[in-house]
Amino acid sequence: MDQAEFTVRTQGAGLYEVTSELRQWVRGQSTAQGLLTLFVRHTSCSLLIQENADPDVRTDLQGFLTRLVPRGDHPDMAWLTHVLEGPDDMPAHIRAALLPVSLSIPVAGHAPVLGTWQGIYLFEHRDAPHTRRIAAHLA
Amino acid sequence: MDQAEFTVRTQGAGLYEVTSELRQWVRGQSTAQGLLTLFVRHTSCSLLIQENADPDVRTDLQGFLTRLVPRGDHPDMAWLTHVLEGPDDMPAHIRAALLPVSLSIPVAGHAPVLGTWQGIYLFEHRDAPHTRRIAAHLA
Amino acid sequence: MDQAEFTVRTQGAGLYEVTSELRQWVRGQSTAQGLLTLFVRHTSCSLLIQENADPDVRTDLQGFLTRLVPRGDHPDMAWLTHVLEGPDDMPAHIRAALLPVSLSIPVAGHAPVLGTWQGIYLFEHRDAPHTRRIAAHLA
């Protein structure tokens, strides 16, 4: 069994790919066949597996989330009560509730069995720069 | 490997924290380093990791879900077909589809590696009191 | 530890049950007590645990998702940029982001500890027929 922590420095809302860093770590461990679990240790960002080919897909994902859960200063969100930490904070918590906090991916031949088009992303929901930590477990 | 089942008695829709009960169980098992997996055995409630500091965050999360998936007697939901079990039933299934049924959290030093602000919740989506069961696995 | 891959042939958007196939596989493995993890190797379909009794529940789930994330040729989605692969493609990626890509279910007595009403589904989001692969891990 192996455990590690990965750090992602974010510069505003959006998707930050971590696939190659995770692949490299898995390749270096003694567990050739097993299960990789990722867990993000925050409540205002998410993990997400999504298409890694056309960047427009990530743009549109971000566009959808922004429409589904608008910022706190949008008229549609005037009912929010948790507003002291800024107009991006409570929407970030809501988006974090709707997207994964943990992911589990089988590993075979020292590699996660991702499909051809699957990339692993840290999805930041806050505006300000953050240092995000992802706990990884392989067994 | 250890397995257990936790019971949560709910009194209407909302978030019920189970963090301390789970922490205590993990602390008492022989597995010091491993992976904790939680699985809720129902289709009208969810598991959720969310902010455990300001209770307004939970109020707003509940407020958002109520707006995203209104009750069956709301005009916007007149298209629903599964209505025999009450106006809160089909919306509960939809909310359960959008939020996690399982969570996996690495464990180190006999404790889940939760971030500072992360709490683990049973999110009840039904109105009537229910006894909810969460299966836990640690290995 | 056991690993396998399951194939689901889909004929358009909707829920395809895989519970009995997975139960049968788990029953045939040497691991009597453990953890079953499922991972879908695509970015335009999902895994979902939902009610297996009244088929109207699945109809309404599909109805809700269609309203929440309309097709690309719907006026509400005119802002999409990733449109070259057809009006069902980008909405499929968005729906896949909102629903699970992986599920973890404890196993006891050679069976996943599903609740009485829980079934496991492959949720297809594309119109055209697809062959979908689910990686399974039991340990």
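Chains: A, B and C, in written order; residue numbering restarts at 1 for each.
The working rule: contacts are C-beta pairs under 8 Å (C-beta built on N, C-alpha and C of every residue); 3 or more make two chains touch, one makes a residue touch a chain.
All values derive from a computational prediction rather than experimental measurement.
If you sketch which chains touch which, every chain touches every other chain without exception. Residues touching across the chain A and chain C pair largely diverge in numbering: under half of the numbers involved belong to both copies. Annotation: 20 Å between the Cα-based centres of chain A and chain C.
Residues of chain B in contact with two or more other chains: 68, 98, 100, 104, 139. Interface residues of chain B facing chain A in the complex, by the touch rule stated above, are 33-35, 48-51, 54, 56-57, 59-61, 63-64, 67-68, 98-100, 103-106, 108, 113-115, 117-118, 139. Every residue of chain B that touches chain C in the complex is listed here, in rising order: 1, 3, 37, 39, 41-43, 68-69, 79-82, 90, 93-94, 96-98, 100-102, 104, 133, 135-137, 139.
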